[in-house]
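The next part holds the structures, each set out as structure tokens.
After this come two complexes, each holding subunit A, first together with subunit B and then together with subunit C.
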Partner chain A sequence: MTDRVADFHVDFTRFLAPDGTAVAPLPGFFDDPTLRRLYGHMVLARAFDTKAIALQRTGRLGTYAPSLGQEAVAVAVGAAMVDTDVLVPSFREHGAQLVRGVTLQELFLFWAGDERGNDFAGPRQDFPVCIPVGSHAPHAAGVALAFKLRREARAAVCVFGDGATSKGDVYEAMNLAGAWTLPLVFVVANNQWAISVRRAHQTAARTLAQKAVAAGFAGEQVDGNDVVALCHALRQALDRARAGGGPHLIEALTYRLGDHTTADDASRYRDDEEVGRHWKEDPIARLRAHLTARGAWTRDDEEALLTDCAARVEAAARDAQALAPEPAAALFDHLYATLPPALAGQRAALVQAEADHA
Partner chain B sequence: MPDITLVEAVNLALARAMAEDDRVIVFGEDVAVDGGVFRATDGLLARFGPDRVLDTPLSEGLFAGLAVGVAAQGFRPVAEFQFMGFMLPALDQVMNHAGRLRNRTRGRLTCPLVLRAPYGGGIHAPEHHSESFESLFAHVPGIRVVVPSSPARAYGLLLSAIRDPDPVVFLEPKRLYRARRQEVPDDGAGAPLDRCFVLRPGTDLTLVTWGAMVAETLDAAQALDREGVAAEVIDVATLKPLDTDTILASVAKTGRCVIVHEAALTAGFGAEVAARLADDGLFDLRAPVRRVAGWDTVMPYPRQERRYMPGTDRILAAARGLMEYA
Partner chain C sequence: MMDDRDDAVFRLPDLGEGLQEAEIVGWHVSAGEHVVTDQPLVSVETDKAVVEVPSPHSGRIKRLCAEAGAVIPVGAPLVEFETAPAADTGTVVGEVAAAPARVRAAPAVRKLAADLGVDLAAVTATGPGGTVTGDDVRAVAATGENGGGDGDDEPLRGPRRAMAANMAAADAVRASVTDRADVESWYALDSGGQDVTERLIRAVARACAAAPALNAWYEAGRGARRLHATVDLGLAVNTDEGLFVPVLRDVANRAADDLRAGLDALKRDVRARTIPPAEMRGATITLSNFGPLGGRHAVMVIPRPQVAIVGAGRAGREPVADSAGGIAVHWLLPLSVTFDHRAVTGAEAAAFLMALKDDLERNA
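So, the complex of A and B:
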């Protein structure tokens, strides 16, 4: 005799079709000012991208990971979280960081290779970008554990890519979050590619959302280029997590329209036709079309926004570049709370070498 | 006050730290109900409750990263690994995160965590249960690597490690867990980190060691004493950052140095000590620096482990050899 002992399903949610028409009534929260704000955030994130790539091309920024085409995911994460939540991002979420109060100047500093860019004046408890793929998922579990132990109504959000879902530490963190009912929302920014490896080669699992099922909680797919659907799903998941309902996973289906980083040439592994198809899903054009159709957005609004974003980005880039590098001793001065005497000699040698060079 | 073993001293220090600071939490595999495979966390669950003593799922990389996250939130996690051989998945978290978080956020987020693990051979344990790769951790910037060698030192060093605002890898010589008892007053006094301890003064020869090999090294010093050779024994205790001053001062006096460790010879931590002597103590030396270490082999199964681990005889042979240099 055989009984079915487990069964699961994965839902997919979208409110805005690629052409901007609403395929379902938007949740009440999404009034004109809210939608305009979300739109502004996405446009700012893209303006930062454009400037960052330009600076990298002219040698004024290090290798940069653009988020072109994925702005809705990051902006929705930032917008759905409240100040007291904590963001544990990977490296393509500057849109979320901006919404949470990380400044454009801090972002430019970080990507220009200056640690001070991680000393956010705004969200003091947010983690900085994580480069070793997926290794930040356990940190998010630790942050969520802290909230739970202190009985605080707060949640952590951990964002990572489709490639990261192949890593053990990501699954380990999900497994723990399920076992301990942690207030933690996982967001998979499934942009279909992990550098040159396509999503289908990453796993035979039909969805990445279903990976949550093995960890004992629900996962869902959301149109990752529909900022409304993303915000809605995130707010529900975060409200539930803060109320003690445990973790949740959102697989945001999106697409990386640009290169993996400024050091990558995506034409080596995917053709223009594929990229062109996905441009039709562009989250920014989608929301603009929706806003315009609602009568909540004009050509003048658009021009004013673009001008404002460009000016802010230019000013921040200028300020970041104007900031003198830290003194050499900074290499040592943040390593430990108090520099161990054993390192005093090395620090002095570096400072001396610097002085000799000057 | 009854004398206690090293593992009981670890337990005492954990209880003390938890009682004095409610940010201290303990987690790992089997640490709660079971009190840890070596019973180092015995009784903590009953005393401090399930919010502060937590059994994690079986995943070392996970709970090392968990410690990073919860420490960044202001807790002071002490994570227990059952054996050092199972710490390797956690190396990613130690090197890429724990040791870097303070620096890369310019002090905004910090990592006051302790990762405890029993290390070393000599207890006839199965494969992978007898490793000594402290030098892997000693290579990591931004952390401390601490190795106690007695019950009193374990108590004091562990308290200091837990109170320290930066990450500490705390390696416990499991061969000494129950080897001897010592009176350890539960006075909450921490032992200094970043310092070597001179366990036995001497003028003819310096023996530098740490952890489990302190026992064999002290035995060797006693035997040398009977031969009229006064050996000074230094317990390094904190491998990183290394207190070279104490070692150099000793060698300035004795002119001879044998470094003893259980880990394999090549790129073992003894190489670092020898290099420091070459840098800053060369003209004090009357003889070559010798290392007595595990062979550059795989740690053998228990039937052969005594052939791997340096014994008093090998320490004595090295010391006697150095005494030939006038």
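So, the complex of A and C:
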């Protein structure tokens, strides 16, 4: 005889339809000022994106990973967290960093290869951008473990993409988080493409959210272009985590409207028709339509916001470029509290070499 | 963050990760146009992507430095902006760049090549997009001149290394025409024969006058050719250490003894390895008189950015039909002209060859 010993389900949540209409009553805290603030953050994140690409194309930034189309995910992460939480981002979350207090100038510095861009004055305990896919998930588990050992009511948020869910680091982090009931919220920004590998080729699993089930905690899908649904799900998960309820996974269904990075040409592996379809789900247009329908947003508001964002981004880009380059020895200065002897020797040699070539 | 912004000239940045060059797909602006910061200037295609390059700042465009279809290296001028109101409005004629090293290889492959003493420029690339792979390097290392024998691999150095790099840089679409010049009269005049090289030099100069298209430079990157008023002849000189190609300047307008003196001096300098590098640059056409070493006709490598190379083979006595319908035995000098068919038509090459042959056959 056979008994069913495990069963699971995955929920999908959305409040705003692609055309901006509310498909369910919005949770109480989403008043007009809150929605306008979220909208402003998303527009600023996109303005940064546009400028960063232009700077890369003119040789003034290194490779850059745009977040076009995914602004809702990052902004919701930043908005749902409280100051004492810790963000462990991948490389498409500058929207979250901006909301949490990292400055535009610091972000430009980071993408120009300047370590001072990671040494942000803002949320000092937030982690820097992590480029190697998925490798930051175990770090996030470590952060959450520290909170638990110290009995602090704090939570960590680890963001990565659909591609990272195929990596061992992510499985290990999720397993630890489940086994030790860590205050850790995993956010999968499922933008449907791991560089040129489409989601359907990434895994046979029907959802990425269900990967949490194997690690012993719940996962859910949320409309990743609906900033309201994202904020709502994140707040619930973070409240639960801080109260000792353990980890959670949110699969945000979104779409990467731009290239993987400035070194990529997405038109080589996906067609315009597909991209065009997803533009209709643009998170920024969606919230603007909703705000306008509520009577909370006017054409003047829009113009003022765009002008303000462009001016802030321009000023930050100018300030970042005006900064004198840091010495090469800065390479060594941010990883260790005390430099190991071997690296101290290398650092001294570099300082000497730099002096010799000055 | 660096700000090495030169407002006058905007150079092609590295648009990917360690890319070497990009192809101009199309311009979105034109000379004389005023552009603003971040306005798209040009679409370029790199190994990785087609991308739009925006303007780094606002200003009026003085000149677009590359045409659509051109492949330009990272760091090459892309756009020149107006700087002062009294800017030069004359036609700007670009310099033809020296042949760049165009080898593409990953850092690990470069290290492997260095470890194995393999010159990357001499490796046949089989990787994607013409990149040299580790296997390519190992293949060269394994089949070195003494590979499989009892000696060790010998890394190319000095002139041989330079030859390998220059030959690998040659990118002409080659075609050849050949004929033989009846030089019987040379031997009829005096039994010792003339200085063949000197005679060939003068014939090349006259052939250049008849077909100027062969005395030219062509740069595929810009799709531009430049015809030269003077004939600066590159002369292939063989030495035990490798091939040298010193340049004899303005060979069309030099007196015979002046030319002979120059020729002797060059050969002496080359063999003594005292020739200044400047004297090996700037040839407009090249002559290889390989006949004394052997061989009759040859398809030769055209040094970049020249468009033609002339070869003279070993003269021999052969039967020819004389004007009376009989058979005579004459000295015949085999001639080969290899030309770059991107810049030279077959008719131009044929006209050159005929002029060359006529001049050599003339009893002067």
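Please note the rule applied: the second predicted complex is superposed on the first by the 328 of 358 C-alpha atoms of A that agree within 3 Å, B and C clash if a C-alpha of one lies under 4 Å from a C-alpha of the other, contacts with A are read in each partner's own complex, and residues count from 1 in each chain.
Keep in mind that, in the parts below, a contact is a pair of C-beta atoms (placed from the backbone, for glycine too) under 8 Å apart; a residue touches a chain by one contact, two chains touch by 3 or more.
Being a predicted model, the structure only gives us computed values, none of them experimental.
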item	value
When subunit B and subunit C are modelled together on subunit A, clash or fit	fit
Contact breadth on subunit A, by residue count: subunit C or subunit B	B
First, second, both or neither for A:236, with subunit B first and subunit C second	neither
Subunit B versus subunit C as contact partner of A:343, first or second or both or neither	first
First, second, both or neither for A:125, with subunit B first and subunit C second	first
Superposed model, angle subtended at subunit A by subunit C and subunit B (C-alpha, nearest 10 degrees)	80
First, second, both or neither for A:139, with subunit B first and subunit C second	first
Touching partner for A:34 - first (subunit B), second (subunit C), both, neither	neither
Contacts of A:54 with subunit B and subunit C, given as first, second, both or neither	second
Touching partner for A:203 - first (subunit B), second (subunit C), both, neither	neither
Partner chain(s) touched by A:334 [first = subunit B, second = subunit C, both, neither]	first
First, second, both or neither for A:175, with subunit B first and subunit C second	first
Lowest C-alpha to C-alpha distance for subunit C against subunit B (Å)	14
Subunit B and subunit C contact sites that coincide on subunit A, given as residue numbers	none
In the complex with subunit B, residue positions of subunit A that touch it	86, 88, 115-116, 118-120, 124-125, 127-128, 132, 135-147, 149, 168-169, 172-173, 175-176, 179, 334-337, 340-343
Subunit C - residues contacting subunit A, complex	1-3, 5, 10-11, 13-17, 37-38, 48-56
Touching residues (chain side subunit B, partner subunit A) in the complex	25, 51, 56-57, 59, 61-75, 77, 89, 92-93, 96-97, 102-110, 141-142, 164-166, 194, 241-245
Residue ranges of subunit A in contact with subunit C within the complex	50-51, 54, 56-61, 63, 108-109, 112, 114, 259, 262-265, 267-268, 320-323, 325
